[in-house]
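One chain, subunit A, appears in both complexes that follow, with subunit B as partner in the first and subunit C in the second.
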Partner chain A sequence: MKRRVIFNNKLLPYLLLAPQLAITLVFFFWPAFQAIYQSVLMQDPFGLRSQFVWFDNFTVALSNPLYLESVKRTFLFAFSVTAIAMTSALLLAFLADKQIRGAGVYKVLLIWPYAVAPAVAAVLWLFIFHPSIGFLGRFLREIGVLWDYKLNGGQAMLLVILASSWKQVSYNFLFFLAALQSIPKSVLEAASIDGASSRRRFWTIVFPLISPTSFFLLVVNMVYSFFDTFGVIHALTGGGPAKATETLIYKVYSDGVLHLDLGGSSAQSVILMIIVIGLTAIQFRFIERKVHY
Partner chain B sequence: MVKRCKGFVFALATAALIMILAGPVWAQKVELQFWHGLAQPLGGLLEKIAADFSASQDKYHVNATFKGSYPDTMVAAIAAYRAGNAPHIVQMFEVGTATMMAAREAIKPLHEMMRESGVPFDPRAYIPAVRGYYSLPDGRMMSMPFNSSTAVMFYNKDAFRKAGLDPEKPPRTWAELRAAAQRIRAANAANVGFTTSWPTWTQFEQFSAIHDTPLASKANGMEGMDAVLMINSPLHVRHVQMLMDMQKEGSFKYGGRDSQADALFPSGEAAIIHGSSGLRARIVREAKFDWGVAMLPFYDDVKGAPKNSIIGGASFWTMTAPKRTAEEYRGVVEFFRFISQPDVVSKWHMETGFLPITFGGFERTQAQGYYRANPGTDIPYRQLTRTEPSENSRGLRLGNMPEIRTIIQEELEKALQGQQTAQQALDSAVARGNVVLRTFERVNR
Partner chain C sequence: MKKNGLPGNWRAHFFLVIGVAILAFPVYVAIIGSTWDAGIIARGQMPLTPGPDAISNYLQAWGTGSGQRVSGAPVETMMFNSLAMALVIAFGKIAISLISAYAVVFFSFPGRMFFFWMIFVTLMLPVEVRIIPTYKVVSDLGMIDSYLGLTIPLIASATATLLFRQFFLTIPDELVEAGRMDGAGPLRFFWDTVLPLSRTNIAALFVIMFIYGWNQYLWPLLITTSREMGTIVIGIVKMIGTGDAQTDWQIIMASTILAMLPPVMVVVFMQRWFVKGLVDADK
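Here is the complex of A and B:
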């Protein structure tokens, strides 16, 4: 018997796909092409005069020491956020995976922060760490720590890293928990019978088995810290003090929206676009092939 | 049943649509869109003026809408222009002036609109420091001034008394200010001797005007887009060095960017602050001590000092759009005429603390005895009009000025944190600022 498609109509599949395709075209492809187009132009904010300048905007951005510092800062930020968000999520998932009373409640509570909007999350952190209105900020000052993230760049960076990581822990937690639960119990039991300690079981069995999930999360977390942390930074520090928390995405915003330099800002977003395409390509090519059970 | 329901909803929607489309015809008034960037309570007072205008005649209706902060309003107006849908009038902060002027096709210059409408209009009604800021070098006014402020010094009289200083003799010069701040700290009359709000505006823009020293070449950019910053002059370096020295000895505290330092004065934390004349309203409301207002200090060994200070605040720009009619521009002219009446100017000045921008408005306020009843409220006006503006104190017109303000603040912060010398900070601010100016020049050529 020959397998047949149920609908012979050639048009129908396209019609069914059309709404999704339209959304993708209008909200993803069109802005992306606009950004590429703008990035080779020099234009006044009103769009009255534009010149085609080839790759001048890119040269200007890449030869600007402030931009290069922002690149370094962004990678430091992204690695820190990814490391903190993933290790703490793995630890929490490992603990929640055990047979404990009320595990369901823990799980629900741990997933909650994911539902908090970035700006709201930032305000919550502000109420904790603000040097004069935050209770922990005030406490730090009382015990003699010169806590003032509004003037101290290092402290400001620490704060946005912590707030951004906290937002992402829930997401990682869900994936890690699912990965842990999918590990066959028999393998773990066999190891226990052979006398492997809990730590040894983790490093030799659990960790390799969840590595596909870990690599997936690595990419997702990197992309998250590159792009989705804008709200947290905007509400907490606004990129300051003295550019100490200005990541690449924040610089795109301040150059494009605040300083009305559309060409330069578009060139920077095209660079960001290339970084993300690179990350995704790595995920598909390298990770999918090299990570095996 | 369901079908009938649908039909009913459809009929209702059609009726609503017809009403929306027919609305303006039915009202028989020309609708003028006016976007502003003043939050409450100022925004409400401004909307009241627009409503008063609409009620004062039956041809035009001004629809005033709050569009967020000044930068937000600017971005919104630009985006609307690009979509062919710009508002008739937009309120633009003073540092956006150069950007608006460079967008020749997007704006309808005030002088042109007034000439075409035949309405008599005399720019000399405006005080020179206001007029000059929004005029071309040949004196033609480009936008309608409205809410203007200037920077002044507020000081805590109780703290002065406690430190053994004469509360009726605020410091006139920087040397006196430093000595007073030191005395205040030595007597522990306040936690902070001196601080400043709007660091770039007060310590660079106002400072340069008062000392008749250029902030940038080409008459601070008024005479050409090829201006370069000149804030690394010996006088500017000397001033930043003094702020650094004062910080080191504990008599000055940096209070943050833009208006962040404002809070330090009404709470009693700082005894002396340089800030916008508009800060007055907040001090009246919050301060629980005796305070005074004085003019900004100057270095008395600088030739030509003290000159008049310059303005801040915003003005109203008329924007163009496809299909905009002469009748609509005429409505804008009528609205502008309404808001420049001495009574309206005087009322706005007394209600908000912004300056009386016309001579008539000042005289009207004076005639009502307002300045005698509220001592110090005329200081901003007197400081702004104390001399005829020179080319260094007419104002500034630098492209992408908001970005340059940020750059200066960043370099100043680095110097105050001890990461660089005063000379390095200002050299670096000039170099970075000039890149911004060249980009603006290239884009708008």
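Here is the complex of A and C:
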């Protein structure tokens, strides 16, 4: 879409773009280029010399069982967070969409967790599930569960999934609610006059109409679980115990920042970049489809 | 509507209340935790009703951020850092995105689409995938442990630019024409017409970007080294340390509640813009 009326200044548009472009170049493109460049270099242990090694860093990363474990773990984590956050949000949105008293109040009471930082969400859940001082942690031990997320990897994973999904429910709720509210009530009424049960109405009318939103949320939730949950994991488990909660993004951080393996960490960064590009492409394809919907 | 009789409504209320309760429960426990003393919490004897020490705990957290076993920076200092960071990021993103979208929409110049795409692809380069090189750039520029280093690298915004571009495209040509008839140059037109028209969009983006800035984690974790520069979110996680039972949980919980207040208040009191911003920002 192009405008017909346009200002004719020669220099001004460049000046207006300059701040954004400067920041983009210095803090986005240059580092991204560096990450790609580093990913094909191998440094000696003292960081004095580096050598061009083609795709060795990638081969090393992708054939490392620890890395593959982390890939599996990340997908398990992302699918669990997405499933929990989306189903509970859909259920809540479905209830809040009914013509009930106080719908506005419920809405406020359901959306605020969005504003809580992931790391703070982690702290809240840690305080509840702490094995010796947490309310539920103590309870679990009292009824005989050997609850200690600092020693048990599965329990640690459970806790980071819980804290991460808790925060994401609000986001999904808002989008599901908007999608449900945009369904014409007359269609639902017509179906109910025709004798369709409420379950049948949901599966034949509501579900198809909200499926574009669901798909969009699926992508957004995956991106969230991949990248934004770093704070949850760092605050709650630090990737442990024994790497049980080390997701891909956490591994980039721990290999690069804590263990200073620049080449390996950069190769992992590049792999993550490819994942983001893929997810973003899917998201935009979807949006185009929605326009024609 | 008559169709929704009493029984159906009761069920909806029942499940919604359960949902609200589950979401609120962790915060409730944190509030309770911030009202007891360290000993009761450490012995695992904290009840689910408020204790007597709320005021002293909050004052201690706000003023010193330290207790018997925790030595942090005062919450006051860290809250100020977070606030500064969130405000600079929110206003910075809005300002530079407004003018770059204005340039792309209202001017015709060589490289227009190229620059637009350049901004657009930064969507695909979140800070998490370029941690180390970005850190190196910031350290080469001498911006480690400073407000500049905390904010400037996060100020570029493809989302905001896209959003303003879309909005500017809906401004009718007649308005531009009328402005030109009145002899308004591009800057005058921007200031007198475009900016006032964008108010709602600016408010909506502000809410989203404020929360984004306040809740930053990985970036301040890398960039800040001194306690005095730390943000509140990082500060709390540092206070917990190894997470022993024997620590000043009451101070940590008071700080946690304080850290949540600003962004949650923004969402609650600017709800309308928040919802608009959230929906717009992801299109």
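The working rule: the second predicted complex is superposed on the first by the 251 of 293 C-alpha atoms of A that agree within 3 Å, B and C clash if a C-alpha of one lies under 4 Å from a C-alpha of the other, contacts with A are read in each partner's own complex, and residues count from 1 in each chain.
Definition applied: a residue touches a chain if its C-beta (ideal position, glycine included) is under 8 Å from a C-beta of that chain, and two chains touch if they have at least 3 such contacts.
Source: prediction; values computed, not measured.
In the superposition on chain A, contact of A:150 is made with both subunit B and subunit C. In the superposed model, A:35 lies in contact with subunit C only, and not with subunit B. Of the two partner chains, neither subunit B nor subunit C is touched by A:183. When the two structures are aligned on the shared chain, A:243 is found in touch with subunit B, with no touch to subunit C. Of the two partner chains placed by the overlay, only subunit C lies in contact with A:16; subunit B stays clear of it. In the superposed model, C is the one of subunit B and subunit C that contacts more residues of subunit A. Once the two complexes are overlaid on the shared chain, A:257 sits against subunit B and subunit C alike.
On subunit A, the surface patch touched by subunit B in one complex and by subunit C in the other comprises residues 150, 257.
Per the touch definition, subunit A reaches subunit C in the complex via residues 1, 3-10, 12-14, 16-17, 19-21, 23-24, 26-32, 34-35, 38, 88, 91-92, 95-96, 98-102, 106-128, 130, 132-133, 135, 138, 150, 166, 169-171, 174-175, 178, 189, 192, 216, 220, 227, 230-231, 234-235, 249, 252-253, 256-257, 262, 265-266, 269-270, 272-273, 276-277, 280, 287.
Within the complex, the subunit C residues that touch subunit A are 1, 3-4, 8-9, 12-13, 15-16, 19-20, 23-27, 29-30, 33, 41-42, 44, 46, 48, 96-97, 99-100, 102-109, 112, 115, 118-119, 122-126, 128-138, 152-153, 155-157, 161, 169, 173, 176-177, 180, 185-187, 189, 211, 214-215, 217-218, 221-222, 233-234, 236-237, 240, 243, 245, 249, 252-253, 256, 259-260, 263-264, 266-268, 271, 274-275, 278-279, 282-283. Subunit A meets subunit B in the complex at residues 42-49, 150-151, 240-243, 257-261, 263-264.
The touching residues of subunit B, when paired with subunit A in their complex, are 71, 75, 78, 81-82, 99, 102-106, 254, 256-257, 260, 400, 402-403, 410, 413-414, 417, 436, 439, 442-445.
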